[in-house]
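The first chain written gets the first letter, and so on, giving A, B, C and D; residue counts start at 1 in each chain.
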Amino acid sequence: MAIFADHHTRLLVQGITGREGSFHTRQCRDYGSNVVAGVTPGKGGQDLDGIPIFNTVATARTATGANASMILVPPSFAADAIMEAIDAGIELIICITEGVPVLDMLRIKHYLALKPSRLIGPNCPGIISPGACKIGIMPGAIHTPGGPMGVVSRSGTLTYEVVHQLSLVGLGQSSCIGIGGDPIIGITFIDCLQAFEADPETRGVVLVGEIGGNAEEEAALWIKAHMSKPVIGFIAGLTAPPGRRMGHAGAIVSHGMGTAAAKLIALREAEVEVCEHLGELGEVCARVMAQTAM
Amino acid sequence: MAIFADHHTRLLVQGITGREGSFHTRQCRDYGSNVVAGVTPGKGGQDLDGIPIFNTVATARTATGANASMILVPPSFAADAIMEAIDAGIELIICITEGVPVLDMLRIKHYLALKPSRLIGPNCPGIISPGACKIGIMPGAIHTPGGPMGVVSRSGTLTYEVVHQLSLVGLGQSSCIGIGGDPIIGITFIDCLQAFEADPETRGVVLVGEIGGNAEEEAALWIKAHMSKPVIGFIAGLTAPPGRRMGHAGAIVSHGMGTAAAKLIALREAEVEVCEHLGELGEVCARVMAQTAM
Amino acid sequence: MHLHEYQAKALFREVGIPVPDGQVIDEPRQLLPLIDELGLPLVIKAQVLAGGRGKGGGVRLVRTASEAQAAATEILGMELVTAQTGDQGKTVRKVMVEQGIDITRELYLSLLIDRDRAEIVIIGSQDGGMAIEEVAARSPERIIRVQVNPLIGLQGYHLRQLAFGLELSPQLSRELASLLQKLYPFFMTYDCSQLEINPLVVTSTGQLLAVDAKVEIDSNSLYRHPELAALAEPDDQDPLEAEARAIGLNYIRLDGTIGTIVNGAGLAMATMDLIKQAGAEPANFLDVGGGASAEMIEKGFRLLLSDQRVRAIFINIFGGILRCDALARGVVQAARSTGLTLPVIVRMEGTNVDEGRRILAESGLTLTIVSTLTDAVRELTNLKDLQ
Amino acid sequence: MHLHEYQAKALFREVGIPVPDGQVIDEPRQLLPLIDELGLPLVIKAQVLAGGRGKGGGVRLVRTASEAQAAATEILGMELVTAQTGDQGKTVRKVMVEQGIDITRELYLSLLIDRDRAEIVIIGSQDGGMAIEEVAARSPERIIRVQVNPLIGLQGYHLRQLAFGLELSPQLSRELASLLQKLYPFFMTYDCSQLEINPLVVTSTGQLLAVDAKVEIDSNSLYRHPELAALAEPDDQDPLEAEARAIGLNYIRLDGTIGTIVNGAGLAMATMDLIKQAGAEPANFLDVGGGASAEMIEKGFRLLLSDQRVRAIFINIFGGILRCDALARGVVQAARSTGLTLPVIVRMEGTNVDEGRRILAESGLTLTIVSTLTDAVRELTNLKDLQ
């Protein structure tokens, strides 16, 4: 078991013929993901290593039964690509692209609420259910199949660091999701926590947050009210100066809102095991999971 | 019991100081509806027969706990009034106004899907749960409290005719709803059928349709799949010429679509008891309900 | 409200949607200077609100000045009969004179409102010049439908779906995109309920050109488009319908002999059905308003009496908030003041109905008063052979 | 990207949002013709990207030409220190010269993006001229928030909620409505992330006037606003940050002594936190990109070495799809080519890490190579007293 992506995922890649697109398509396929189609307008009828290419998502979906789409297009085309996937009825949309304007996402966020599609990202590494399906740009090899940990994070390499530590202490992962570093994103911490809570393979969750917004605070409230499985939390940006965007468009402390300190307090109040030292995260998880197992 | 409107309804009237607004506010109140507030921008602080008037729906709702709103404003203000009520969190919105442009309703239809509000209308007589609550312009006196019939219709006076016949044959009504004669409306036949099916007081439903669109066909499919209570159907416009709007903006047969004949076939296929002669509708209902009681 | 081709094209031109060069005239003598301006060949098209003008002889391609003069003279003033006009046809009062276009391909393009999904639907086909219903029947796979949610509007992928679906070249795809980026806002800005360009022509130089234009505006939106409301031409309407509209009545003329006066559109439709079920034919649809007043009933009376075909009148009124006694007084007054001689059946129900019927009965007028719709049908049956 | 007041007002003027008459100058001698044009009194305002300019002495009301001259001369070139500039202040290179306004009332108006609800929020207050945070702390009930869903946009009821909330007269309500009907499209068209008018002034003739304007543009949107991208002034940025941006690095200068090079923004933030937890202070945030290449690492190296305050460098790289051996070669090459003398701690993890560490160890460079973050913290602790 895993959440959102698994052996049943039939993956389509929007922007498959771009440099990034073709590279990561091959990486995903080599990991074992079932890549059934690609879309590049004007290249319909061609193929990439035998993966058929279509002009539109709608025709690709009709022809191949794709149910997930990975978007690797330049930021100026990302909003259009996401909406095209939504309208074509793609169930799981993963937008890797960084630099999508906020107002584009503002509209998409509400449009998504009208439709059954689930969006991960943008500005995210994607999702991996180790051993089953990788949709994104994360290095597959650092992951360990078989659970028990779910990982959800706003970051990329920081997530790899966390996953690596988990694998080192012998904790495999059910699914790892980078929800993205932008101010407005598709699925949230809460959506993932909810799915992990319901997933039998997942026995504990690592939540990796960072400064900006209050998604972590909202997640904490949800955890307090609904979560039976242990959650280990980490927040990046304790030392970030206010008013500056720390790489991620969403990582900014403004008007005193969105500080790491406030997030840590919220998580602690929800009885999340907070780890402040990144180097110790793997050990903390091992300890918490050992206690839970008892 | 009744559907959508009952003793718990706390009614607000948007456009309360207009000629129609003040007249029908008094009619509703005299019938027994609990009218708690009115809204007319610029007249905040005044009152109508002791009903306090506010400048905005949001302030009216905060002050009075209104949970339903009847809209009686000119068509050029109707879309704005509906959206104001949606944003203020009003649960049940009844827009009586005729002549709202279709494109306004197109947008509102999707906006509603994002929000918990339920809209009846526009271009409708409203809703009445006899003996409990009247929100609309229908004559209260023709109705009979106590069930067992639910009535749902796209029309105004035609509904009164139907209700009158029901009362004459001794069949009271649980709730009667005019969903409106426009091409794009809020709640549909299906929403009402669903609620009637779940309402213990309702034991049968009269569905009054007319030419244009295919709401009746969709309702028929729903009835076939989900409805356990008997439905009696009537369709107006068997003799309407194609390409002409028969009074209601939505009542038009175009490109061969939306004919009364097609609707009758669909209803019959769903085992709806179709009555083709309006004069006999009351008797047909009496017969069907008598058979059901056995 | 339907716009004439020449009106629609004038609006198109304002927003940069390409149309052939041309002008509308209402007298043949205006043609000559146009020939100088536009050159030859020309196309001369009758301006009436009905489809099928070509088949009816209302569209001519002319190659010489004398051909042009002859065609304009013939078409202006003719009674044009098409599949949509009925047998009596429509009088042509204006013709559009346009440059002949060198056509390499004809496409079809329209925008409609999808009632079920509450979306705008763009329909395209490679089979331009044919009625879309025909294409739909013959080769439905050649019809491309693209749904546009009004909250997000026209996006790039809509354009791609259309262009790839129509198998356009990259250059024509760009042309179509540029056209739709004007046409979609046009549709929304002017509250269109239908917009059809058939054919949408590819010229020999690879440009797209709207060679025809059918535009229907949502009448409910005219309060915010006074410039469009002003385009309505009285000649386009049935005179009785125009008169009814002017006095605020919702009236549609039909072919029968039984005039109807009803309050409420749904009940009015059902009343027409009742007449038909009685074996008679309704002469009209007339809704005097759900909250009908005595005054509106009187106006309806006068309107029906001015229709020579009406042999009898059926009044079907459900008294609601306005009570039957008031309505009965309206009927009586209307009958008296119009010096009524036709048979009149009155069916009245609702609030205060007894008092209403009493007023009718004691009026001294020869009204047939019935209380149920079943009785009304019986009386109508008796009237059905009236000529 | 923040716009200067004068830039924002120029854009306001283009779309018809009322602002005081005025002009920007960068030399005192440009003032005299302006006095002739604008009259007196005038307001002279330093153009720096920082709030609190008034308190810092960067805004002056002048009543005579000599006062104006003195003020302009003093402000132009000054190092303006405000609560937001830091102690070193910001050099004033331009001043805005505006007509003095006869003010009867000061309002506050701003538009922001509500991340949680994904909506535009319009904030108004009767207490213009004060920082909104102050009003929020002192009298929160005097702050009116109106949420606008981006799919339906600004509607009449939003305007009414604001106008009645601010207790405006009918005339001022209309003025505000007209202003917002320009300001909301402005916000959306230019991809603003924040827009503040404080104060929004009511003049003695009852007009609304944007006397100040703070506008922030979403940097991610600049590809569709080249005209805004062109407004960026190099002087507004820290020179190192400007250089970093030019070479495609995501760099923020901080006050410490430990330079950092990290791949990925989240890991870079966490690395800053680690340095602090070790008792040291980071000199910067530097994200060389999640898919960091050897070339980007070298660029980062060079950038840090040009910062005189940097006493040591901490490289924290998680090798993902780009493997550690390639990254290690990049580090070695960067260290060699820059003739590095500072202490460098390298923590490298991920794909092919053993080969990467071997390359580092055998490079002959004096690098401190650690494998875990805990080891890194220990080494950083040893460095913390470096000056």
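Structural remarks
Going forward, contacts are C-beta pairs under 8 Å (C-beta built on N, C-alpha and C of every residue); 3 or more make two chains touch, one makes a residue touch a chain.
None of these values were measured; they are calculated from a predicted model.
The minimal number of chain-to-chain contact steps leading from chain A to chain B is 1.
In this structure, the chain pairs B-D and B-C differ in their number of contacting C-beta pairs, and the larger number is found at B-C.
Averaging Cα atoms per chain gives one point for each, and the point farthest from that of chain A is the centre of C.
Between the Cα centres of chain C and chain D there is a gap of 58 Å.
A separation of 54 Å divides the Cα centre of chain B from that of chain D.
The distance from the centre of chain A to the centre of chain D, with each centre set as the mean of the Cα atoms, comes to 28 Å. Shared interface positions of chain D, defined as residues touching 2 or more other chains, are 149, 151-152.
Residue positions 107, 110-111, 114 of chain B each touch two or more of the other chains.
If touching chains are joined by edges, the resulting network of the protein chains shown connects every chain directly with every other.
Contact residues of chain B toward chain C in the complex are 27, 75-76, 99-103, 105-107, 109-111, 125, 137-139, 141-142, 153-161, 164, 181, 183-184, 208, 210-211, 213-214, 218, 234, 236-241, 243-244, 246-251, 255-256, 276-280.
Touching chain C in their complex are the following residues of chain A: 41-42, 44, 55-59, 77, 80-81, 83-84, 87, 107, 110-111, 114. Those residues of chain C that touch chain D in the complex are listed here as 151-152. Against chain B, in their complex, chain A makes its touches with residues 110, 113-114.
Those residues of chain D that touch chain B in the shared complex are 147, 149, 151-152, 155-157, 160-161, 164, 170.
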